[in-house]
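Right, one structure below, let's go through it.
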Amino acid sequence: MSSRFRNSCAILAVAVLLGACDREERQSRAKPLGETVPAAASPDTIYPGDPSRARYVDARGASYEGNAFAIAQGQQLYNWMNCVGCHAHGGGGMGPALMDEKWRYGGRIDQIAASIYQGRPNGMPAWRSKLTEDQIWQIAAYVRSLSGQVRKDAVSARADSVSNTPPQTQTVRQPVRPADSDQQ
Amino acid sequence: MTSALEKAKAPPAKVPRDGPRLTGDKLHARLSATWERPRGFIGWLSSVDHKDIGRRYIVAALVFLALGGALAVAMRLQLSRPQNDLIGAARYNEIFTMHGTTMMFLFAVPVMQGMQIYLTPLMVGTRAVAFPRLTAFSLWTYIAGGCLLWIAFLLNVGPDIGWFAYPPLSGPQYGVGKRPDIWAQMVTFTEVAALAVAVSLTATILKQRAPGMTLARMPIFVWATLVTSLMVIFSMPSVALASSFLLSDRLVGTHFYNPAERGDALLWQHLFWFFGHPEVYIIFLPATGFVSEIVATFSRRSIIAYPIVVLSLVATGILAFGLWVHHMFATGLPRVGYSFFTAASMSVSIPTGLQIFAWIATMWTGRPRMQVPLLYVIAFIITFVIGGLTGVMIAAVPLDLQLHDTYFIVAHFHYVLIGGAVFPLLGAITYWFPKATGRMMSEALGKISFWMIFLGFQLAFFPMHISGLLGMPRRVYTYPAGMGLELPNLLSSIGGLVVALAVLLFVINMLASVRRGRLAPANPWDGTSLEWATTSPPPSYNFAHIPVVDSQSPLWDGKGELAVVHGLRVEERELLLTTVMSATPDVRDPSAHPSPWPVIAAAALTVMFVGSIFSPWAVLFGTVPLAIALTAWFWPKTKEPTLEPSIS
Amino acid sequence: MRRTTISIVAIVALVLAVSLLVWALGASRERSAATADESSGNSAKAIAAADASPPDDGNWTMPGKDYASTRFSALRQLTPRNVGKLQVAFTFSTGTTEGFEAPPLVVGSTMFVVTPWPNKVFALDLAKPGAPTKWIYEPNPAAAAKGVACCGAVNRGAFYSNGRLFLNLLDGHTVAVDAGSGKEIWRTKLADIQKGETMTMAPLVAEGKVLVGNSGGEMGVRGWLAALDAGSGQLAWKAYSTGPDKDALIGSNYRAPYAQDRGKDLGVTSWPPEYWKIGGGTVWGWISYDPKLKLIYYGTSNPGPWNAEQRPGDNKWTAGVFARDVATGQARWFYQSSPHDLFDHDDINEIVLVDWPAPNRRRIPALIRPSRNGYFYVQDRRTGRILSADPYAYVNGYKGVDLKTGRIIPNKEKEPKKGRVVRNICPGPPGAKDWNPSAFSPVTGLIYIPHLNLCMDMGVMNANYIPGTPFVGADVKMYAGPGGNRGAFSAWDPVRRRKVFEIKEDLPLWSPALATAGGLVFYGTMDGWLKAIDGRTGRLLWRFKTGSGIIGQPISYRGPDGRQYIAVPSGIGGWAGRIVTGELDARDPTAALGFANATKDLPQRVSKGGMVYVFALPQ
Amino acid sequence: MSRVAALILPLALCGCAGFQNALGGDGGEGANFVRLFVLFTAVCTFMYLLVMAGLFAAVLRRRRNADELTVDTGKHHESAPLVTRALAAWAILIGIGLMALTVASFFTDRSNAAITRDPQLSVKVTGNQWWWDVQYSFADTSKSIRTANELHLPVGVRAEVTLESNDVIHSFWIPNLAGKQDLIPGRVTDIQLVPRKTGLYRGQCAEFCGVQHAHMALDVTVESKAEFLRWAAAQLQPAPAPRTPLELAGYRYITTRECSVCHNLSGTPASASVGPDLTHFASRRSIAAGTLPMNKGNLYGWVADPQSQKPGTKMPTIGLSPDELHAVVAYLQRLK
């Protein structure tokens, strides 16, 4: 066994290990968050000057996105907090569809979390001070999964309810396309 | 008999065969050349020798026993005090799931099947199992399944749904991540493995018995093997169906267990327990086989009421399929149906009671020798009968509704499974150890570990009856103080540690004896079944000449002189097939050569099964490597079989 | 082969001959129909619209056309013979793309167009060519209100009275606008969008009171009907649909026709504790008024949440019809069409007031109404007692109406239970017919019902009440009922209690109907066709494809030039069209509370719009 | 078995005082259980002693070489005539014993079924991960009571408990009163409780239901009819109004902030139902489905950080400021 082979084996093993850890990690409590809030993320828009400087991506999203536990918790909260009443199981209703490729206020996990946290002008309520940030991130992680943005091994095929959307494990990943704000 | 056969079927002289002209060392050399596995690591992997496979099965199962035992110790430490926070809730749930799963799927059934694979050909007097490559494939599949589960556990993907995995908790919504998939796929692995072994053993027993070994002359252990193998064949498809449904619910969103869409969560329980209850007997019946063999040998007489013992085995095997609902008394099924299952569950104790009678009567009429194997048998009776009687209690619906899912049940089934299966197994290991290794285990160490296990066990599990009655449910990671649970749990924990130490001692005894144990003769205990007729350890070909049997206890009745049959080829792997009922010689049949393809096929199967945890497409694409491996495995042999008159 | 051909030709010929005959007969009858109350010639068999409105002056001042809510125009210029020549006179674009349900109003030479959110009002000058805009009123309701409007940010129209236009804004305001200048006269806030309340219904003005109700039965609001002083906008009275009698304005004048609706504080005792506070019963539909009895009639919406297991009891006073005194708001009677409603069967549909031919040759004041639960009710409007109740569409969710007790008989098999989906419940949540009103023609004696043929699978689960969010607790999937057509246009003979004809429509019918004295009936389809049919036979006489889907009221008026015009709003939306306006994803069959599943093909067939089309015969 | 008896007696005695004890027999079905259990234990003990006597006699009895039926005497296939007869007797004994037990079990089951006719009180218990939702319904729906993690029962009154689950399978078990009954999603099951003695008992979920299966208990109070009615009347009252500024601050927080989207406090704007009803929270004996006894210290600990008390519970750690924490706890304590 050459040392290179051994090394690559080790790297592979560590990768598998970390992958599994990420997906299955169960955080019952968010890490201390300090004063930062998801609100810092903003919908994609035009940044005067150098756009790379202006864009802010909240790094906390990474630990929720693709985490099976966060997505499952988010799914439950999505139903409990009546997200399902407006957005149905991703198809939309009073609110826009969440399983398609259109995102009025940005489709990154931190942008979704910010939309939940802050509310949005055409009827999206602000959940700040109703949900903890941990819960908001969890819902955002689930919302990401509706349009197939997250790894398929972290989502559940269906819920124990009336059959609604096609199995999420089979959802085709939609491109994330920011749409114009729905102002009429 | 020998000469008659030879006269009738005088083979062409060109082909070398065992017989009066070819015997002793010369025969040994030529048979060894034919039957030994190739050298080297590849040769080791390619082995299709039932003794290799059986040994590996047993060793692997014991490794899993050790792992599962370590988890048991961890649980007992957590439960030793109320409100203990040694192990967190989530981790504890993983641990008890892993413990149950490992013990049931990776230890108990495989170890029994390993013993059966090792012993059956020796006991029926043949050179190999019926399907050696299938048996080898089964071994690797089983090990792959076990590794899948344990690697997943170490990677923090261990299942946390209990060994019974009731949906919806194990379903797509509440069974978060890939944990339940790992569990379900591990079940699939062990199902495939167990089925392969069962098929192989059934064929071996029905078609490869030594001439003259009619069904009525088979050792009880072989009977037990036959019954359990048939039970495996009938029960495993049920859980295969259940786990496939579960995987498909989880992976592609079917609704088998979704009540909202006309599925039913209880469907799982029916399918699972239709397998799960017989599984208990799949574990227990081989153990009664051990007991019958040990009792006979150590009482120095044949078992009393052989037909009744055999009928008891068969009856238990049949009744086992009519009891599954007694695991579901609390689910609210119609009450009238319950009464039927109560009666059926209680009636199982009749055949078991008769077997116990037979063993005691055998000891009574014989002259029991108090050696370690028999000690385990006595411990078995003392312990198992308690488990059996508590089993009668929980068969009654009104009692079960209180005792179900409490520590009383935990006590009950540990009495049944440890008392009823592990004690005989330890006895059996001690008993057949010299046959397998050529060395005796230390009697002194054996007795020390016996007493520690026996007493430790009672200390660990008897108080659980009390904790159950005091209202302690199963599968709780902690319990409040002030419910009277502190003392019983502390006692259980102490007992658990004692048992763990004792098992450690037993293993040390085994390891030490393999190297330094007293050398064993061919028949160290003066047993009577055919495995004692060959050397310790047996040669690769088991028997130089196939023995001929004309009673239940050939070695005692023959006074050391065992009739044999000649005429099997020596440079080809060849077996003698006999008729199903009367075991008269039927045909000679080639036996498979070592091959790396079973292990490769198992690897391909592993790729497919593990892949299908993550994508349904793996079921499709995974068939390609599997098909390649199977094609190579079954590729027609280049050598034409020589045309010869067959024995008929 | 030849024989088949011959028989086909024969059948076709026969059909043609028969239809020619029928047409000829119809034409001759039409000539004899000189006035609206020609019924005297037809003795007791026919019925007449209640005398609740002045004779037709060619205006269209309220959505229902008259207080009796007939949606019948006495104009007779358009007839089955000439309607084929109908062509576009002018069009007007509102610039909005939400569901356009509001009928244009015409008063003299001005047409008022009320748009969905943002609820602008355009006044168009009909006297000038091309009908240029006179003024525009922009009330600027809050955008957030769209988030709590269950079924699109629609508006069902304004009411013209005494030089003023009254309308509701989505965010819970009622406004009065000067019809001449477009200046706002008053604005009263009544509903709170923070609680999920919106206002979408068209007000009714009677006896100086502006009657308005709230929407939000899917948001856990408490329903009410309020009366504002038309002059000042001050609240005169407010009658809640749930809660204690004093809130529901149930007093000494209350005489319920049936025993189950009598008792003290039923609005509290027929609910689990505190549930009446979030129990729905909103008033978002139509109000009729009887000037003689001084009574208003209106229905209350479904109780909340949809999951009926959470609200054991009859859930008074939801899903029923109230008769109230217009001056005080005191209830006269109440009849509950769907006690303990299981399927979102609001009872807010139009109530048409008619003079009913009683057996003793006298005429009794009655109301007729095709209810959402699939039954066509005829009730004595003085007492509420049921004269008849027959299914006018396929119904399997109920087994009929017990005329003795007045109670609908539920079908236990179709009762949704938690954690189990119940399949094939007919009709679905929008009912056999939703809000889009029928038209009653005293000329033919028939009521023209644009309705639905939708069934559903329904599963219920616990609904969590959070103010301002949906309170539904059900997953629903709708689909076409028996026959495969999703909509139907039926002419119903209320006296003979039978269907005269039915036109199957592929898409759900979400547009109201219009009947004219010329013997025509107009309605629109969701894919944009405005259709004119013969009111006696149902034969399609003319149709025109508008730019978007039609879900609004077609009206008929006499223009300043003396010609008869037909005007219709075209703009897909509402609950049925939510899949288009909300750009929903039909892969989720539960989208739009399950309606998306029934209108999966709609986005391919029609797109958003907001136009008024006006038609006339060529000059 | 003497060891068994020696162990069982003292423990059973100490258990008799237990509030979560299958041998308590404080309910109709529970008492039947105790009777039947004693019968089974007696019969089983007898059988066990018989087997043990046989076993030890077989192993230890003195033998004369000549009599032995072993391979050494060549009589190893033979059987003693006594053995055949004993076998038959043994089979008959087992048969009779089992028959007796089966019949006893059957009649106990019938008796349990008979207990349950004409329920006088109907309660609906819904299982959730990991708490119990309890609803009392009466003919007058507006008098129905909703509470959580506690069950009050009037003594001697037949109560029918309807069981449903909102998520996974749970099992309802109050050992002192009756056996267990599963709560299965998509099914409605029921169990009848007939408490015979007043007292405080405890029930617990008996089917593994996820991470916090261990902390899903139910406080049961069996009381006189009058006390029960008093309790029911008190439960019907809306949540008590805050009296002090601190309580007011707590009231405001609970009814408008994170608490309000999950919990119900009757008569306040918080009307959510995914978490336990808190209307009369402080009148209960424990916090979070039996996780902690109800007292001020535990209340602080629980509200401040539920995830450390009951890891994995659906109640999040909000991170209240000390002022908010004081206020919330103050108002929660007011909810008698």
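The letters A, B, C and D name the chains in turn, as written, and every chain counts its residues from 1.
Throughout what follows, contacts are C-beta pairs under 8 Å (C-beta built on N, C-alpha and C of every residue); 3 or more make two chains touch, one makes a residue touch a chain.
Note that the structure is a prediction, hence the values are computed from the model and not measured.
Among all pairs of chains, B-D has the largest number of C-beta pairs in contact.
Per-chain CA centroids place chain B at a distance of 37 Å from chain D.
Each chain gets one centre point, the mean of its Cα atoms, and the points for chain A and chain C are 41 Å apart.
Chain A and chain B have Cα centroids separated by 47 Å.
Note: centroid distance chain C to chain D, computed from Cα atoms, is 54 Å. Shared interface positions of chain B, i.e. residues touching 2 or more other chains, are given as 90, 168, 174, 259-261. Residue positions of chain C touching 2 or more other chains: 419-421, 459, 461, 463-464, 466.
Multi-chain contact residues of chain D (touching two or more other chains): 167, 185-187, 260-262, 274, 311-312.
Taken together, the touching pairs cover every possible pairing of the chains.
Interface of chain B with chain D (complex): residues 88-90, 93, 160-162, 166, 168-169, 174, 259-260, 264-266, 299-302, 304-305, 308, 330-332, 335, 338-339, 342-343, 346-347, 349-350, 353-354, 356-358, 360-361, 363-368, 370, 378, 381-382, 385-386, 389-390, 392-393, 395-406, 408, 458, 462-463, 465-466, 468-471, 473-480, 483-484, 487-488, 526, 528, 551-553, 556.
Looking at the complex, you find that chain C touches chain B at residues 419-421, 459. Per the touch definition, chain D reaches chain A in the complex via residues 167, 185, 257-258, 260-262, 274, 305, 307-308, 311-314, 316-319. Listed in rising order, the residues of chain A touching chain D in the complex are 26, 28-30, 33, 76, 80-81, 129-132, 134-135, 160. Residues 259-262 of chain B are the ones that touch chain C when the two sit in their complex.
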